[in-house]
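Note that the chains are named A, B, C and D in the order they appear, and that numbering of residues resets to 1 at the start of each chain.
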């Protein structure tokens, strides 16, 4: 909220007490700490709720249960893709908040809107599961809604980052500008690819889904690391 | 529970140990820490559960899926409004507990009743989604139940604050009385406006919903800040 | 796990480091810390899931929606009672784990079985909502299953406490024996009353539910406090 | 992420500050801390969601509600087994991450895939509940899917551990090699038994389920403890 309150004096006077207080709220500035904890909760619930959209098939008489289960493959596929996507988004969100050292009401609002998109994902996932093996028109609609939701999510994630990172508004000055720019590139590029996935849905739903899976796998990969990139001071290389 | 146990002596003797212990339970007084953590969990789950009230439409044959999805707009609207409202209530609840430094059984009870209202919100949200585009009578009923739930939630939030803040019952004496009064005004005023939204539902459901959205947006805005308002000592302005 | 590992030496050498490590896992002994955090998660989810058992009524044509909503009163009642009960059980569970300073595999197992009962509560709550206004036989069955679930939950809570408290097995020796005995009395007595509520269900379902509400309200009240009751050393009264 | 950054210098300079920072992210290396917290959330939600798969029976007229409730025994059995299994897997996952001191992107990915299996468990549990008392073919299919899911979960858990533990890749060097080998044996052995349960499903579904229950009970039991096994330095025995 007002990180300037944590003046050097307070630290100097009683580091441990202050340290403990910081920790209690989960981060340097208690505001980002509570936003992170709340966001993590929403991520964990949204990712776990995905399963309740898969209904158990009702089989009667001598009908084959295993055949019916195999026919549910779009549900399993949707579950796996969405789980991977939300897991990746969570990892990126969390990494971003390690650089964001304080917060304000606009960040709070942008984050709520971003979480609104994340928590929405189970709905288009269920849609995908129901219509992926349907008529071509239905399949196109389902994949477009699905990739569209992810694109909107990516847009808000990028806006959130641009707002926090612009002019080091909410980011520690100690963070390397090169790292900041690499991050911005990463998110803007990812956002454009998710928008591409949305456009692709109208041409080839399969290609759209394939791109989404590839994007999720790419974003699990290590992030760009500037030479002095971390918020934490890197020990200088020991010299003779 | 008994914050008086954390006497100066204990702190003097072993600050780090005490600091760590405090942190373990998430706050200065472990009681408010655990109430906060539990409440945050309920908020995160209630906000994420909103999505499962939106059912995937069952379309057969050549019926248009996209048209059916568009017709679900009351569901999306309800989802967005409730997400915003719960997000805002969470932010305010959390800010309030930063001022509340200890707790007692009445606070615990009031908080459980308050959470009971918050966790109830997905039900009137689903009602709103189902009947917002229905007959006038059904729409009025749905909006009245929805705004009524929010009004009752606001009433309990205000009671909780008045109980904790009255005579500095559970609030640190160091908190500025001006800030306290500004907070009380804010909550009583908000409560009255939510009650107004409830009354408006019987006149114009649309106006009632509009007021609710405006209220949510207002309550995301920065809170009143007294000159020496924070629990944390503000550094005095540096003078010549 | 092995609290004896945290010997005086380690503490003497580096209190802050050790303090931080303790906190990281959420308590003196990391085992009870993680059990508490996991249990709190289950409580928060079970209490918030109660709402999804209340289905939105499907009203067609000119049928009155408000009348249909009023007829759902058993659902609201069940929601309110279960919310209160789970909230109370959470508060008591949490208070208990503040006295339990270490854990073993039997405690872990007893706690999982106890949580299995708590997480089960939404099912009998939905049963109550569906059959409370039904035939007498159905009402009796629903209330018996509901109160029976709470009785079994109370039995496991008491067993868990008796196991941890017996011979100070998992409780800090510094805790006052008088407090320990008062706690044991409290839980055994509460358990017997929940069993009484189960038996009452067969005589008068209404009386059974009334007793359950009274019990929940009683258990929100302050717990017995022995003179030197807390785990935390009380400052001795200042003498001449 | 880069645990080498936490050099001795940093610690020496300001232990409290560093200690507090460590705690804020929940562990020695913030990466494992956040993975643990997120995983715990998913475990707690998956275990609590199990109950919503049990639907309240709809009984009309003078039909016996209690008889219908008794007939739901496969649902209760499935709930109890899955609750026990997920609870046990949680305990083992948590213990494992106490040994894993840092993380990388492969661990993050393996953990997401592992959680994908855990969060999937409510689906085969509901399948088991619906078809355990059905025809022999349906019962075999349901038990095979259920035990197969658990086997796949065990496979990923083992892969995760082998990846982290191989060459002490992500495990503190101070951990006893004997303990490491005992852990590996434990997980590989458990995995093989879960695969056996899957194979058994085609011979005797009952035997398969019995083996699963036995495995869950065994894995709640204490883990192997090497003589100097813990990450925390054991106090040497006091010698004359």
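One rule holds in what follows: a residue touches a chain if its C-beta (ideal position, glycine included) is under 8 Å from a C-beta of that chain, and two chains touch if they have at least 3 such contacts.
The structure presented is a predicted model; accordingly, all values stated were derived computationally and were not measured.
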| item | value |
| --- | --- |
| Maximum centroid distance from chain C, chain identifier (CA atoms) | A |
| Equivalent interface positions on chain C and chain D, same or different at half | different |
| Centroid spacing, where centroids are CA-atom means, of chain A and chain C in whole angstrom | 34 |
| Rounded Å distance between chain B and chain C, as computed from the means of their C-alpha atoms | 24 |
| Contacts with 2+ other chains: residues of chain C | 16, 19-20, 23, 41, 45, 49, 52 |
| Touching residues (chain side chain C, partner chain B) in the complex | 11, 15-16, 19-20, 22-23, 26-28, 33, 40-41, 43-45, 47-52, 54, 56, 58-59, 62, 64-66, 69, 79-80, 83-84, 87-88, 90-91, 94, 98, 220-222, 230, 232-235 |
| Contact footprint of chain A on chain D as seen in their complex | 1-2, 4-7, 9-10, 14, 16-17, 19-21, 23-24, 30, 34, 37-38, 41-42, 45-46, 49, 52-53, 104-105, 108-109, 112, 115-116, 119-120, 122-123, 126-127, 130-131, 135, 137-138, 141-142, 145 |
